[in-house]
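Listed next: structures, encoded as structure tokens.
Below are two complexes that have chain A in common, paired first with chain B and then with chain C.
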Partner chain A sequence: MRQLLAIYRQQLKTALAEQLQYRAALIIWLIEVALGPAVSVSVWSTVARNEGGEVNGYSSASFAAYFIATMLVNYATQTWVFWEFSRRVREGEFSPLLLRPIHPIHADLAENLAYKILMLPVIALVTLVLFLAFHASIALSLDNLLAFFPALVLAFALRFILEWTLALLAFWLTQVNVINQLYVVVVLFLSGQLVPLTFLPAPVQTASAWLPFQWMVAFPAELLVHPLSLSTLFTGLLVQLAWLLVGFALLAFTWQRGIRRYTAVGG
Partner chain B sequence: MTAARRRAADGIDVPWRLLAILRQATNPMEEEDQRSTRGANQAMTVSAAISVEHLRKVYRVYEREAGLRAALRGLVQRHIQEVIGVDDLTFTIELGEIVGFLGPNGAGKTTTLKMLAGLLYPTTGTLQVLGHLPWRRERSFLRQIALVMGQRQQLIWDIPVSDSFELNRVIYRIPSAQYRQTLDELTDLLELAPLLQKPVRNLSLGERMKCEIAACLLHRPRVLFLDEPTIGLDVVMQRRIRDFVREYNRRTGATVLLTSHYMADVEALCRRVILIHHGKMLFDGELTRLIERFSPYKTIAVRLQEPANLRPYGEVIGQSEDRITLRVPKSAVARVTARLLTELPVIDLSVEDPPIEAVIEHIFTQEEVG
Partner chain C sequence: MMRTYLRLLATFFRVSLLGELAYRANFWLQMVESLIELGTALALVSVVFTYTQSLNGWHASELLILIGTYFLIGGAINMVIMPGMSRLIEQVRLGTLDYLLTKPEEAQLLVSIQRLDIWKLLDLLLGLALLVAATIWHGSWPDPLQVLAFALTLLAGTAIVYSFVLFLATLSFWYVRVENILVIFESMYEAGRWPVDIYPGWLRATLTFIVPVAFAVTVPAEALTARLTWLALLGTLTLAALSLLVARLFWRFAIRSYSGASA
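Our next item is the complex of A and B:
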């Protein structure tokens, strides 16, 4: 365990050093993350005004809060491993990782954490600016706030595990980017980033509740925006936990199969 | 996973259970590690570093003809063809040996190295490296080997070389004192000092290769697989790497298996060579014996007091001012030499083996024909 921590510390240091090389990219990313919620808030505020101040219980101030919160949670949970993996496999960069006496997932986890640490000031700035610019209003309760941090950690773990599993498809498919693209679209819709989930048709909402995506973004985000009942809150955490376990099982299964295939067809 | 679920079900302090599950799910090899150390201990009685028996690797590839129509047909019906990468290889390499692995492109050298390092699963046959089954990639095994295969393997592109090294130090759990000593040695032998603080992207090809090799050796592997370690490097750099490999072998007693297109590498480093072609073993033995066995010719170099026609004695393959080189069938060497000495005013005469490149080229072309 101590060894693993030492490795993480070093990986974090390395990843930070690596990503600090791309300061210009940080600026571009800043614009990119701010743009999504800014557009959503503008559009939905207009809709709310035209509807007499509220749509589905959302005023323009609560729209602003919701989209800022989803932006924050999305930043905290997103990964890009599935984009990278196909290149790794195709260009023979995966073999060296396999020959290290440590599972490759650790390096990716450390790298993602490093990225998040690095982006923290950026995202804080964006949040503040958007919050003030759109007069966002939030109604925090202590329960929600206490539940937010475990929910966020679970959301990140769940998303990381599932996206790493998705990435492993690169062992079987050469054109895996099509599937990645599809995944991104599904996540955009069903994680609640495009619209609040209550705006979706009822059957879709039911389906979505059984799928993992809303538990990766919408659930922690809503904890920040409006008070959820204690039962909703605990159900949410339990569903996250359950999906996380399913995610681990999927990962272990896919990893084993994937490696068997990789070492059969040639690394 | 069933075990993990069980643990989660009866777990009270969830975070720690989760951690255990995380570790189990992400380290599926951990259990295997324990299981196979027993196997390793049993195998410790074997002294060989590498032993390979009837090793065979068959790839199944989808065949498709060129053109759009064939591509469309390929969507419905795919032709699977079996390609034999390695066919029935058997050899043993002792601890501390340096062995050259030779063969033309596509002979199966890299396939074999990958199987030995644990990147490829053999189709049939058995193989063992340091008493481990390589394809299990147990941590204890991976910590004892290294595979150097081209560029961009170990080093991280955007950060200084020393940072990549440092990462390897923790990943391979190298004790600090040993790390410092190894790094000093490597820095000294490969002249790395001016490179360590530079980002990898600013290094030249040769500099990168040196650092790549150093990164692979920080954990002092007992078995070292080198796939074309000098490819694309200039002569000076080639020699430096060659010298280094020899020195590393001498200092640490590591077993080295290397492939190279440059015969100079092989001649300088390997007493023993393994020759493969189309995945099959052609020769396994000492380099000198390879020449004896496969070259039907020797060359005789003669210096004469006055010019003379040497055609009747053998095939003239070189002629400088007063020195003439003849190619003579091996069986005729004694006879021709005797005749030359008695019949001509010879100042100096020497019998030599033909250059190794020529011999190997001869073998491979013969194989193609036969």
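Our next item is the complex of A and C:
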């Protein structure tokens, strides 16, 4: 355990140093990250205004709070390794990673965390600006706030494990970009980032209930903006935990088979 | 002169097409990508319109006209303007712009059409198809005057975006790292999927005057749905002419102070 911690510390340091070289990318990222919620809030506030101030229980202010919260949770749970994996496999970059005496997932995890630490000031700024610009209102309760942090950690773990498993498809397929794009769109809708889940058509909501995506963003985000009952709260955490176990099983299964398929020349 | 330009464009188009035909699988990949993007936009619109009849006065069919315009112009921008401009930035950095400048044709033209991303034609065609479908659904056919205004504002919007992007790319003669600015433009363009009048004042002003998305998408869609006033039409055309002129002058000024270093 102590050894693993030391490894993480070193990985974090390297990743931070690497990321700090690309400071211009931070500004691009800032605009990209702020624009999505700004557009969503504008659209749905307009809908609320046109419908007499409220639609489906949401006012302009609560739309603003909801989309800012999903932005925050999405930032915290986001991964991008499935965009890079295909190159790793194709160009043999994976070979040196495999030679290390530690599972390659740790390096990716450390890099992901480093990136997020670096982005923290940016996201804080965006949150503040959006919050003020769109007059967001939140109704926090102590229970929710206490549940938020475990929910966020579980959401991150779940998303990281599932998306790392998705990335492993590159062992079998050469054209993974289309699959990745489809995945991103599905996540956008079913994780509650484009609209609150209660706004989706009933069949889609049913499908979403059987899928893991809402537990990756919508659940922690909702904890931040309106009070959930204690039972919803505990069920939510339990479902997250259950999906996480499924995710681990999927990962182990796919990894074992994928690694046997992997061959590389050079690298 | 115009005919020479058109012939050049046709030649560049043919060469790009020949190059791309070697990779026909890319056609299908772009097809899937475009359809995913269009499908996402349409799904979101259908969700919005289950909760309201009109978005700030835009009915569903009118909003689809706007989205059609968005894909049409976006296709044009990503097929011609963006690839050429990002190549220009690269050429300035590497010094290979020298080769282009020695050619006997007008450099600004060559720079603008030197690289075409042929498959983005699909976005353009999908946008056009959506425009036609949405107009039929809308019921009332636009009168010829509206169609004329649409065509004019479409051209004007493209001209404004072109001038804007050329201006940014020209900055690369002095600042090497401007390719990032083009990325910012691309992500801001996505806000054009909705009429700019739904945005709060500060964002609307940004999308109109700092990143001219409003002129590219909202104004033509307004023209086709009988929202555009004569004054706004006149203003858009004037602005288009002005921005072409400014971009042109800036380009001439930049070329004069350009000195190749390492070709």
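The criterion applied here is as follows: the second predicted complex is superposed on the first by the 262 of 267 C-alpha atoms of A that agree within 3 Å, B and C clash if a C-alpha of one lies under 4 Å from a C-alpha of the other, contacts with A are read in each partner's own complex, and residues count from 1 in each chain.
The criterion applied here is as follows: contacts are C-beta pairs under 8 Å (C-beta built on N, C-alpha and C of every residue); 3 or more make two chains touch, one makes a residue touch a chain.
Since the model is a prediction, treat every value here as computed from it, not as a measurement.
In the superposition on chain A, A:Ile27 makes contact with chain C only, while chain B stays out of contact range. Of the two partner chains placed by superposition, A:Gln78 touches none, neither chain B nor chain C.
Of the two partner chains, neither chain B nor chain C is touched by A:Gln214.
In the superposed model, A:Pro96 makes contact with chain B only, not with chain C.
Overlap of the chain B and chain C interfaces on chain A: none, as no residue is touched by both. Here chain B touches chain A in the complex through residues 1, 4-5, 8, 14, 18, 21-22, 24-29, 59-60, 85, 111, 114, 117-121, 135, 137, 139-140, 142-143, 145-147, 149-150, 152-154, 156-159, 163-164, 166-167, 169-173, 199, going by the rule given at the top. Interface residues of chain C, counted against chain A in their complex, comprise 25, 29, 32-33, 36, 39-40, 43-44, 47-48, 50-56, 177, 180, 183-184, 187-188, 190-191, 193-194, 198-200, 202-203.
Taken in their complex, chain A has these residues touching chain B: 3, 6-7, 9-11, 13-14, 17-18, 21, 92-93, 95-96, 98-103, 105-106, 241, 244-245, 248-249, 251-253, 255-256, 260, 263-267. Residues of chain A that touch chain C in their complex: 24-25, 27-28, 31-32, 35, 38-39, 42-44, 46-47, 50-51, 55-56, 133-134, 175, 177-178, 181-182, 185, 188-189, 194-195, 199-201.
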